[in-house]
Amino acid sequence: MNRIEKIVKMIRKEEPEVLLRTEEEGQFPVLRVERDRVVPVLRLLRDDFGFESLMCETASDRGDRIDLIYHLFSTPHRETLVVKTVLSREKPQVETAEDVWKSANWYEREIFDLFGVEFIGHSDLVRILLPQDWVGHPLRKDYRPAPEYHGMKIEY
Amino acid sequence: MGLLEHKLPENVFFTKLDQLTMRWGLRNSLWYMLFATACCAIELMQTGMSRYDFDRFGMIPRATPRQSDLMIVAGTVTYKMALRIKRLYGQMPEPKYVISMGSCANCGGGFVHSYSVLNGVDKIIPVDVYVPGCPPRPEALMEGCMKLMEKIDQEPRLVRSAR
Amino acid sequence: MESSSFLFAEFLQQAFHVSPTFAAVLSLLIGVGTCVACIPLIPGFGSYLERKVSADIQQRIGPNRAGFLPFGIMQVLADGIKTLQKEDLIPAHADRFLFRAAPYVCIVGVFSCFAAIPFSEYGYLSDLNIGVYYILCVSSLMAVGIVLAGWASNNKWTLLGGIRSAGQMVSYEIPIAMSVVTVAMHFGSLSLAEMTMAQREGWSIGFWNSNLFVTLSFVVYWIAALAECNRTPFDIPEAESELVAGYFTEYSGLRFSFFAIAEYAEMFVVSAMAVVLYFGGFYLPFEAHLPFLQELPDGVLPWLHFIVFLIKVWFLIFLMIWIRWTLPRYRIDQLMDLCWKGLLPFAFLNFLGSACWMVLGG
Amino acid sequence: MVTTRSTLRTQEMLLNMGPHHPSTHGVLRLILRLDGEVVEEVFPDIGYLHRGIEKIGESLTYKQFIPYTDRVEYLASMNVNHLYCMAVEKLAGIEVPERAEYIRVIMTELNRIISHIIGCGALAMDLGAFTPFLYGVVEREKVNDLFEMTCGQRLTYNYMRIGGVSQDLPEGFVEKTYAFLEEMERRWDEINRLITENEIFVQRLADVAVLTEADALSYNITGPNLRASGVDWDLRRDMPYSVYDRFDFDVPIGKGERGTVGDCYDRYLMRVRETYESLKIVRQALDGLPEGEVQAKVSKVFKPPKGEVYMRAENPRGEMAVYIESDGSTKPSRIKFKTPSFNSLGVFNKICRGQMLSDLVAVIGSFDIVLPEVDR
């Protein structure tokens, strides 16, 4: 039994019905997780399986939904694990992973800035890359910028 | 025609003091503001250093806009940054000049279709010399500066507060 | 020793047959006028030297394009002309009066020091019997000017620069004073001219004829002098990478150039002090043992001395520039540590040691 | 003294550092809360160079996007080129010819060397020592010449292609690079003698802004900054990509030689030592440079299969990663750059508290922040 199977088994025991499915065919094993319980699963992965760093947290606009993607890495085991969850496009909301990994703080601010995903319980959820008075979330597929910004015409 | 000009033979050449010395002083001592945004900043920096040596022309970097005569906008100008550039330009004392360095500052360059990039710094501040390239070689930047010096030589007035 | 202005007055009186009083006043006016005209040459040459030496250290060429004279000598002139014509900006929220006054305070403070420096036998304005202390006191005006500039600009960076400078200058005045006292005690005089005369036999920095502790006090003096001039490694009041441009961040054009002039003039003053105190003033080494100097035609020796003095001073300024382009800078608390925990106890012990040396050895 | 206490009042100062400040390495803005000179809190305000590269990537084909990767991080363009091409090759399953792999390693390591030159030099310059930087730049210019003769550009190279490199090494490149390596080793020793053991320099950096191992992992600090905190991890050695498994090199680890493990001096020292290691790698790669093709066969209309890829590479500032989602068309549906400086800036508020204002420039310099990489 390899570690991924162990992880899946453990999660099924601790958090039943959270794990939707696993995908193995890609580059790394992927765990598809229920949106409401994603943070407990992440905490479990950190504490029990040694995924001590969150390499990357990002989102992707799939047209009808927004995918939230966590890339976890465990230095001692040299193992990468991807955790994915699906958010609704109209009102994307998810619990923050800031308490699990500190690096999530800025990743989530960036996702909030560019995708408009709201992270519940985040300590400082403000725009990070764009100006505070910017309108819209640019990395969404249907994004159209405001006609001008402080008197400067936005040509897009 | 003043009285003096009448009395003197025609081949005497009259000029104002600022036509000669003032201009000469300004063109030989263009202190540029260290205004680096993106990639071109590295080439700007290398121009100031050992191999190319801006100091030969009397050009030295100043950190504060109050003491600089020339603003070299090196790199991409985003909308967020544009407001600061406007402000920094306003803080520079007259006579002041702007060199737009690199495609991004000239017209948006490769980022012309980006939602957050201003398509050319000349939309917010007046630009004297455009240096093309992505990024321009130090030689190109130096030529831009020499062109600016020529421009200073030819301009009717040094202080252009009305522009 | 007679001041040059008196000799000049005599010359005027004999040449033009004017009354002695008028000749004296005229000679003074001409003397002061010449000095005022010549003193800006010093900072000018200082900044030229700085740029050329730094270029040399950094494998560059340095300014060489301005004007028709070679080696970019006219660069300084170009800089000067340019700063003259720049727009005179006063920030909207600045204290207008203090903002204007600050550069003048600096300039006056530094340039007043030149009055007491003996450039050669006749080349000084006034032989003050407390010359050393006059220079120490008057040059402190620079600190006042800097704090004023920092405060009046109403900018947080300049304020930080001004406060740093105040702390630094107040602290480093004490080691300077202690090392100067050590020398003054050695010579038994506070007059710069008398100190110079006493070094005709040999410079006070030398181990051969002098007090070891005087030589040591030069180390203290030189470190503290670097701090007094805000030179690297002690350039924290104007630390370019930390405080933008320190206390003169908001100054433009002529007012900024006043600060630059004051800075180079201050370098000249502290270097001249070092030359007078430790390097035999305007005398050549072992001048008393060089009889052929006495056989030179009349009037040549003072000029030779004048040149020797300038060479020594410029060498020390070169040293400062060399240090600046080599070392990184201290942090403010390390700077204070160095002063209060290092230099100051050392200077006091050195003073004590010097006193013991004089009692036991002398 | 009661009266003094009631009448004397101290006030915290909010100070705005940047976006135009000489030592913020670009357009970083830091909002500082100061108690005198002591920093109470740091709020980095980034995004002054946010150019929307990720959005641009979605409207360009895979090949068209390569020039933009240069501009993600201009101090190590080759490394980002390499990373992006590796990611796309992994996505499409393209085998790169061996000679191209060796050339790529040579280029990335040369780029790492000149990036560390700037990193160390800029740190020294921020601390007031100008000259080491200029000495370093003299060497940097030589590498720029090497790059220029290879691909015609000095800064943004656009040299690597999907499936190889754009052209073979020019004539004389190998000899010139050997000459450079020889010269650089000597000159790097010289620059280090000038600054590394300088007592003032050590005092300014030792014990300043200590980053512990646990924090480094939690904030996902990578690369030299992670190794300075005592973590023995180098992607090139531990999870080799390209042909890095064929080279023999050491990975320097922070030991707290002049202070605590994970202080600014350790971070500086990592960069100094890595430069020597990179020189070693370049030499080995040149020695073993095979003959052959430099470009694999890639179809003109390049369509990778549907899927996603997450590729990491050890860049001069840490691990950079690119995440590409492909929907099977000619354009990627999402490109995300995970950049090391972004994470480094995130830890500032934690480690800068209680440091002096002057230390802050040392911290920025020691992390070797590059802003376009943060803002993208």
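A, B, C and D label the chains in the order they appear, each numbered from 1.
Keep in mind that, in the parts below, contacts are C-beta pairs under 8 Å (C-beta built on N, C-alpha and C of every residue); 3 or more make two chains touch, one makes a residue touch a chain.
None of the values given here were measured: they were computed from a predicted structure.
Distances from each chain's CA mean to the overall CA mean are smallest for chain D. A separation of 36 Å divides the Cα centre of chain B from that of chain C. Measuring from the averaged C-alpha position of chain B to that of chain D gives a distance of 31 Å.
The centroid of the Cα atoms in chain C and the matching centroid in chain D are 45 Å apart.
If you average the CA atoms of chain A and of chain C, the two centres end up 63 Å from each other. Annotation for chain A: residues touching 2 or more other chains are 130-131, 138, 143.
Along chain D, residues 21-22, 47, 50, 52, 55, 134-135, 138 each make contact with two or more other chains. Multi-chain contact residues of chain C (touching two or more other chains) are listed as 58-60, 240, 244. Pairs of chains that satisfy the touch definition comprise A-B, A-D, B-C, B-D, C-D. Chain contact summary for the complex, chain D toward chain A: residues 46-47, 50, 52, 54-55, 90, 215, 217-220, 231, 233, 238-239, 307-310, 312, 319, 321, 323, 325, 333-334, 336, 338, 342-343, 345-347, 350, 375-376.
Contact residues on chain D toward chain B in their complex (touch as defined above): 19-22, 26-27, 47-53, 55-56, 59, 67-68, 70-71, 74-75, 118, 133-135, 137-138, 140-141, 144, 154-156, 372. Here chain B touches chain C in the complex through residues 18, 21-22, 24-26, 28-29, 49-50, 53, 55-58, 60, 62-64, 66-67, 69, 91, 93-95, 158-159, going by the rule given at the top. Against chain D, in their complex, chain B makes its touches with residues 34-39, 41-43, 45-46, 49-51, 63, 65, 75-76, 78, 80-81, 84, 88, 110-111, 113-117, 134-135, 137.
Residues 51, 55, 58-67, 72, 74-75, 77-82, 84-89, 240, 244-245, 248-253, 256 of chain C are the ones that touch chain B when the two sit in their complex.
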